[in-house]
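A, B, C and D are the chain letters, set down in written order, and residue numbers restart from 1 in every chain.
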């Protein structure tokens, strides 16, 4: 019977765009159940339906709609006491203060924020490619003191890229990567990008995004050696642009390998890739982490973004590069694979490995 | 008095999008006057207003609206005889047959088509950077036989790039260039891109575009040696994408130089650049061929595309590249600087150099 | 066992946008199974995957992808023989010739085309509101001669409107209706609307659309009296516009009733409405044909279009009208409720009533 | 010589979208010259270029870029003293306090805000149709006390409509009007509409907009009788929607007249209309206040919005209405004719009539 008891989880930043995705994706999750929602001070005491400007295409789950927003504090009593598993969808500035408070209080903080991604004791995890990094948790002082800890997922722009690079790195050794992104507006939250800025336009700038892509890629593909992550050493140069797309980051990528790779081999490597967690049968783990599309003009965000319920990364247009070795196009869902779905998959990994007990 | 007599010009493909731009830009041109318009067979005999689905934001010039469309043949008599100066805005397949027919008949064919751009005796010209290439005309058999000739401008995606690279090549020597484009829908003509393909979407494929960019860049920045163009030898890799923008190609560029360049020097080189034709005072020559914008999130197509009446290329976001040396963003108007305006500037150059007499 | 045998159906115009929707919606349908696909001559003999430019967001069903396209003729033998139930997604001009040929050959032709909608013996059906109109089939000469017949669904712009009006007409009596539409691009098929025409634009004209709305509304809400439909007699004036929306027609409506209606009563009438076919438990029949949304700025196509799997019509913003009595906003899915889903629901009705045996 | 001295004007709310339009349109104005710019407190002391997120497609005029922002107070000394002619581009809440302060201090306040439009002593003016309403100024207590006064222009959605209705009312007598708008995002200012709300979407709600349209139409077309405006008595019902268009409100209109009107007569009335101020030769007064476009699918915002430098209202698609008498489509530029240009034309009228001396 205990099998059927779901783990209660809380959501910090529950009314924002990523918070809404958490609620949407956790509805009917086999392992987790939303038990607590918190948002900024002006929402305390309101119901979720009153406080959130719900922008998902499915209705607010009825149970959540009626739920009262709690103060964003680990303490509290009764209904307002935070559960021990917390999904955090906070702005970096707020996360920097709030996430450690929850970890100190003994919570498992599964964060989508950038605040602690590059912290040497905080794992930055995409389960398929670096599930073993979660052992860093043991190094966290929060963990030693309260049992709480923090695990993060990467920036939405680098998530799909890292996933596509991981098996190639293993097979051929990556030497350098050039990437130019065309990123969706949902990545900026709500209200986020003003319509006057993006309708019929391209904005060739997203604050700190290129820096995040370049540094997070190294940590994601790095190796856990003893008590630390040794970052991958390939060179990477990112150009980040915002385009008038709702969901889905498209990326133009060139890549140089250490060993010789043919198109056929690269495509095979992607198609056969199952990642480190295939045996765990995690609910949010897609059957195919990477899909290679043979069609000459794909992937495209409007058509391909829902593949694998938004958890599969789509690649296409593999062709020789006159400067590096190969070039291709990549598409990944920025608010599912790149944010809420990423955190959920991390939570599932943590549960499977016994960290949420 | 003869000074005030304008040169009569004809337009092949006058009803298409580039043809419409020619008509819009030639209205009130101090040197040229539209005297003849031709389009596909189904339009013969109709007035221009009847035959063209006019999509410009200014009204059809009244004089042109009433003009009858001629057959697309160099011969003809009376009103339907083609003038000696022809702007050609044709699809490549049609251009391949039609443009030589006009050149053979003694016309100066100033073409926007890709058909003959890479022909060894046909100059591919951006006046600011390679005005001297027009001497290739002397090598053309058409010229020797009839006095007619052909001059082309480049693909819209490489035009702005070549202009921004030219002074840098001179100052620092270019070794290699990465470019990822986000191209406007107007580049595909009308009806061109289906709205279902591009609304809220990115299409990571434009047929033959990457090939054109890579090969035309070499010829544009090449040197005329004796009777031929020796192409520039830098490496270039292009990724071409279509985005939901009406006018203006935005490009993310990384570049490696032979000599050391600082940001300050690069910006100065751009700002001081006046090009080879500054002394000719050509009407369509912009005061600044290249504008460097200091603002962190510029250039943007919706805001910056009209700079220099669509003839100035805007650069911005110059910053170090972790793989090559520098990276920046570039914007140019694809149907003015990249098509009709380019051909017009070529015509002005030819006139100044005595080729249209 | 026979219970599990699905009815084989064919699709005319299977590669177009509505044809693609048929294939998408019929995948996993409990009663019907695609057995035959036909398209224009240039597709004969190709596989469906080769012939169709698939634009749905789900993948082509694998079984259909491999299916060979048949000639669009009722005859044929073996695999290419058309089944007895045909969904027709043809342009009106082609439908005018082809649909009668299939009906004459004994097929049940369930058509989305406008060609025969106003034919006095052809029922124009929305099952919830006028399921009884299918008795018109008995009047069709095709039916008497071959057993074949034709049933149509309405234009996408009037479908949602008629559904919202039907219960109001019953409760209060409709006297007159104003409607201004903002219609999605998918209603025009593929390639359909050129991107240069609609990006950042409104096109205040859709050929014949206002005429169709005005005349079809009367037939849809008409009464079957003996052997004919007596059209409803209310006045209706339509303004049709195209906007940059992918799926979902939004409509601004004003309405005058014969009897006094309050907002509360109108909303109740909508909410309690179940339509004529609720007892039949048709698979595509939505639990709620009409949903009234209390939120001040809803319905919106991007957020509300998938309600009831695209089969529920959303209403909102009911408020007094200074000229007529009440005004409100309506949204319906133009390619599901307004086209392929409509035809499918008609087919389910026909099957339930024994017409497909 | 004094002829050449321009009148110094100030702009309240100078950094917002309408403020930016004022600055753009006043550049090179023959009569007025920007001498003072004010914005919210956080901008005081900054230069205009620092404080404004400039979103116009032309560059910030160099002289204005360097201008220091003043406190938004009528007093002040030296450079920061407000001039006697003030264009106000303020939110209604702020305008309610600030505009009377300037009028009390002796300034001519030419306002684009809604705060005082319906005030019985404040004229709501479109010079072509009700220039005589400015006599209301004499009734203002501000005017009697300090010589200052206030004049307003209408909401952007009703401006074009009122202009198109005015000559029809004179010719045929208007009985009732139904209007459904599709309004551009620029009408909401910056940041205004969130891109997630409008990309590929329609928002069928703009707060208070329908109320403003309905009440302002009556005052605009009303008659000055003695000391007050007697509003026009026709019925009007408005539906307001936001669409993904940058500039230009498109409106679907049905209209009922008191006298019989033919299409030919209506079009003639529009074409011949010159309005009340034609003889004054005001710089911003368009040669044609109303343009009727014969093309079946026009006017369209992307193509027709710049007509008459944004001051001409475009009408098209005149056709019979089954409920009222006639229906047509209208387009007007919401930030030029509907806001900054409207205020400027009002200022020109005031100057011509001696109110700015």
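Assume a contact is a pair of C-beta atoms (placed from the backbone, for glycine too) under 8 Å apart; a residue touches a chain by one contact, two chains touch by 3 or more.
Only a predicted model underlies this, so the values are computations on that prediction, with no experimental measurement involved.
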Among the chains, which one keeps its Cα centre farthest from the Cα centre of chain B? C
Check the residue numbers that chain A and chain B use where they touch, and answer same if over half are used by both copies, otherwise different. same
Between chain A and chain D, centroid-to-centroid distance (C-alpha), Å: 47
How many Å are there between the centre of chain A and the centre of chain B, using C-alpha atoms for each centre? 43
Centre-to-centre distance between chain D and chain B (centres being mean Cα positions), rounded to whole Å: 40
Quick check: what residues of chain B touch more than one other chain, meaning two or more? 55, 197, 199-200, 244, 246, 302-303
Residue set of chain D touching chain C in the complex reads 176, 178, 180, 182, 197, 199-205, 214, 235-237, 239, 241, 243-246, 250, 252, 254, 296-303, 316-317, 321-324, 327, 329
Help me check something: in the complex, which residues belonging to chain B touch chain D? 55-58, 199-200, 246, 302-306
Residue numbers of chain A touching chain D in their complex, please. 17, 55, 185-186, 190-200, 244, 246
